[in-house]
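Both complexes shown next keep subunit A, but they swap its partner, so subunit B is in the first and subunit C is in the second.
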Partner chain A sequence: MSAVATAHPAPAMPRLALGRTGTAVALLLPIALINAIGFVLPVLNLLRMSFNEALAGGGVREAFILSNWTGLFGDSFYLELIVNSVSVSLGITFLTLVVSYPIALYLHRSSGRWRTFLTVLVISPLLTSAVVRTYGWIALLADQGPIVSAIAALGITPPRLMFNTTGVVIGLTEILMPYMILSLLAGFGRLDPRVEEAAMTLGAPPAKTFWRVILPLTLPGIALGCLLCFVLAVSSFITPKLLGGGRVFLLATEIYDQAIVTLNWPLAATLSILVLVIFGAALAVYARVLRVIE
Partner chain B sequence: MMHQKILSGTPTASTDSDVHLRLDGLTKRYGDSVAVAALDLAVPKGELVALLGPSGCGKTTTLRMVAGLITPSDGRIIVGGSDITTTPTYKRDMGLVFQSYALFPHMTVAKNVAFGLEMRSVPKHEIEKRVKEALAMVRLEALSERKPRELSGGQQQRVALARALVIRPSILLLDEPLSNLDAKLRDEMRTEIRDIQQSLGITAVFVTHDQVEALSMCDKVVVMKGGKLEQIGSPIDVYEAPATPFVASFVGRTNRLEGSANGDGTVIIGTAVLRVPGRPGGKVEILVRPHRIKLVDANASPEGSAERFNRLAGTLTRVTFVGDLLQYHVDVAGTEVIVEAASDHGRGFWKAGAPVALSWRVEDTMVFGRGA
Partner chain C sequence: MTKLQTLLGVSALAFAASTPAFAETVTLAAYSGIFQDHYVKAVVEPFMKAHPNIKVEFYGMPNSAQMLGTLRAQKTAPQIDVVIMDVSVSKAGTDEGLFDKIDESVSKNVADLYPAARAEGVNGVAVTFDNLVLLYNKDQVKAAPTSWNALWDKQYAGKVAIPAVPDIQGTTLTIITNKMAGGDDYKKSVEAGIKKLGELAPNVQTWDPKPDVYAPISNGQASLGIGWNARAQVYANSSGGKLGVVLPQEGSGFQINTINLVKNAPSSSAAKTFIDYALKPETQAAFTEAMFYAPTNSKAKISDAALARTAAGAMDKMIAIDWIAVAGIRDGITEQWRRRIIPLSR
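Right after this comes the complex of A and B.
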């Protein structure tokens, strides 16, 4: 290998041959190819699949029918599914933001080894899979689990924390927190401690400093974190599946059921395209918010 | 420390009622290290006081304690007779101009200036009026709807000043406000800040490491080193009658020679005998400002009597042209002495290698003991 390298020493040659634009294209080509094969083609395939006809027993007949789409919007179950998915995801996103923001702000202000330690602590949940963490929540939230028992011990009738939307919200909020915290930190660049101090010297008590200075300056981070968490919440299916116990119906779990259990691929494809449209809408909102902030 | 007052500035013996800001044994410790050590300071109403010193001398820490951004370990801060040591920053009513300006990046210039008034629940029409006045004062009316990032450094600096002053603070605090500006702008802003401070008659504390700023703008200069006070005095006092060798070398440049004093007003340096003010004894250091020394012909007869002039022989090693000045580097028995003289179109009278003599007046000689 090294013999080959020494045999062709001219490092400037490829650049001379390609020029600036050529170099850029050459550098982008591998990822463009991977994206085309791994993302664009399958999505086009999905789009095509959503117009095919599903046969009983999992068969698919090549066709060009609209019944998958019309059925979707004509059925109140699916309409509810869409509304439910979006609203639960929005709720999870908001909750994740509320619990992550103070942590991110503290991390942003800490320094040195302490900061490194805390950052590792925040990221470390990402090292275990969502399945493992979901089973952890099942143990905690179960009917005979420690949380329910503790509430019961206080003499209050404990609420059900699992196999319903509450369980899904609790589990997903915790699972999405690292993403939210990292996004917030990335967006906190404009937050200069001197600016907060300036607000205080001008007579702003801590609460006013927060609402008038800190919060507006951290909006880019908030927007980024919310976009990311919303997308991840809509598309997550393991946690809703396990913590929802088959009683919480969301788009992602329904796609899974249709594709794997019912083997109705055309319907699964239709729902998948719908999720993509929702993501597109979320991105548009995000772009709009960023423009307003600037 | 012995030192002789040459030009005795009028002592600022202010009565207690004149004092607007008083620091009483103000101390800040971080673990074992002391950032500010028992600082006492009295600032009369309407005066501009400079805290001057190298970085790490505790000047910024002191200012931040006055603003309430750092909690003192010990001591008190008194403004207008009331103790504000434990008052939170937002109730202190002080205008602080930051080194980095610290403007609110998401607000327009007008909104930045209006912020402090909004916090004070000033009626809307009055806010508008006062913001206009404040921006007119710093000549930025035309830019009121711009965002800070669209302004130059000097303009941002002016917005920061207007924002701090519009609330009519009891004390104006300035933390190295000019250090991020280029030299020409710095000169302009120096005059501008001083003019505004005087026309408003506001008490102000100015932190700087630049002796020119301290000397040219301020009524009083507080020289600090290692968290301790070195000298408080008028700019002339501090420059002409430094209390310590540190003050002498930090405020203006100086030459340093070591010798031993006889206790009769003379000091022996090598084989030469110098006259000094006062009657010090023991090991001493002699400090002379470069521009107080004249270069004379080594063979010429002394210009005046030995009673009034000191004379040291040396060799001219180098002549440096620095525009308005010529710097002569003279080797005096192994010690380099710098002499500054007005440059005559860049032509020096003296050439490197020439044997020369240094001559300066006895009263321009500063003498300090070198410890036991």
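Right after this comes the complex of A and C.
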């Protein structure tokens, strides 16, 4: 850079800076426009809808009432729904992290063709839609399915693995694993094998090396993966709908029911805005965690 | 005559010659899937044969709510002329000013419709009647059940599939159960029904069968369930003898699909011609023969074989459900299910 600066003396600099701002604006304009039309406007529309009045039977009357919002926080069902959604999603995120971390670490350490092959294996589930994969889980977890039969063969009374929270957690964990593994890999950049070797050389046992060296260095990847999986878990509704058997009440499935079955659009809009607030909170936590790590 | 004039003249002639075949296009929105397959064959195609200058485009949508959503979005410039949807959604559409009134001035056939086909405050009229039925897997349930009480049989614990409220199959079951449990007028209270359904809950495998209730019972994942008669009859035919359908001795309740004329629709006059055709006794009979929905026109002549597979033979046992009144108490029923029925099945 300094070589360039000396080659083109002072007069060129302001023009360059101005050009950069102009270029930046020009480059940002399309995405800003698309975002305004495709995201900000619809969200504002949703916000407006959340103050409309729902008529019995599904009609919507233009109004400006607060009852959708006050009703939400005055009703134990909806409070339970929020707590349930957040806790189930956190549980799924944690489980996804635990099963994905070793895979990501192994992938990070492998090299050459083997690594390419493994990466393709990790990504390949994303080529199939979540609906198809969920139906796969239905076949596996069904009462007469292979997993339940295997448990029964061991002489244990098999638990219900489907049409309850267990089924939703199993299905979503598997579906979110590729996202977690890819995020972890992206965040593993700072993990240098020489640092591990140094720790081992200095006499740290493997467990200590992991806790004191590897884990802290991979925290950025963990934070990114957790944020992504949490947001995807809160907003996914097909898998809970198919594997929940109507017993698992989550925000996403409730929004679907209110919008599509009960036709209560104002309530559906209110719940959607609430989910957006939860996403905002998750992002804030993520930003905070990143700052602490740095 | 210049070349241009010749060209214009020829193309105008060609245009004039080609257009009369389809002078107008009526866009009909209704359920996709097997409803669409049967309705196109039994009603739409014969209509186009009888009216060669009108073309009907069938625009299939998975449910009434989606149709209402589309109509709302197109309110200022409708693209759809005629909609077939559930009566309670039709009421919501009427309240929002989306439909024109269908009466004797639109179709003389309206005069021949059963009284239940015309609901107060709904601008559309009924085009099909359906009813809730008991479904069973013939391999797993050897003797055909005759009563709704089979659902409560401990023998089938974990093998019952019930589409729960807010799905109106769950609402209909609530009203039937309320009557069975000795409850009074369902419009005042369904307390007795809610209590009795709480006892059913431990038997239930899923409250949200997917893709619909007919598939898991046909393939043996569930043994018993509830569903709509017309679809059940069609799937019973195609299930290779696995799916059994019963109209229980305690009777049942009707579901009503209405046909609606969209306000300010692009081809209103052709749309009226189609609605008139859809309500004719012959058309009503043809669709009943094809898909076992009960006809809404009292003059429709149905074969005994098809009639036996609808609720028409058991009219005295049917509960008249006032869906417009139910729309007002639906939220309360949903709340009771979520607090006092579904949690008992965990």
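By our rule, the second predicted complex is superposed on the first by the 276 of 294 C-alpha atoms of A that agree within 3 Å, B and C clash if a C-alpha of one lies under 4 Å from a C-alpha of the other, contacts with A are read in each partner's own complex, and residues count from 1 in each chain.
Following the convention adopted for this analysis, a residue touches a chain if its C-beta (ideal position, glycine included) is under 8 Å from a C-beta of that chain, and two chains touch if they have at least 3 such contacts.
Since we're looking at a predicted model, the values are computed, not measured.
In the superposed model, A:G59 makes contact with subunit C only, not with subunit B. Touch criterion met: A:K208 reaches subunit B, while subunit C stays clear of it. Of the two partner chains, subunit B is the only one that A:A198 touches; subunit C does not reach it. Of the two partner chains placed around the shared chain by superposition, subunit C is the only one that A:V261 touches, whereas subunit B remains out of contact. Contacts of A:V98 after superposition on the shared chain: neither subunit B nor subunit C is touched. When the two structures are aligned on the shared chain, A:L217 is found in touch with subunit B, with no touch to subunit C.
Residue overlap on subunit A between its contacts with subunit B in one complex and with subunit C in the other: absent.
Every residue of subunit A that touches subunit B in the complex is listed here, in rising order: 190, 192, 194-195, 197-206, 208-209, 212-213, 216-217, 293. For subunit A in complex with subunit C, the residues that touch the partner chain are 55-60, 77, 142-144, 160, 163-164, 241-242, 244-247, 249, 257, 259-263.
Across the complex, subunit B meets subunit A through its residues 67-69, 88-96, 98, 100, 102-106, 115-116, 119-120, 163-164, 167, 173. Within the complex formed with subunit A, the residues of subunit C that make contact are 63, 65-66, 68, 72, 88-89, 91-92, 95-96, 158, 164, 166-167, 205-208, 210, 221, 324, 327-328, 330-331, 334-335, 338-339, 342, 345-346.
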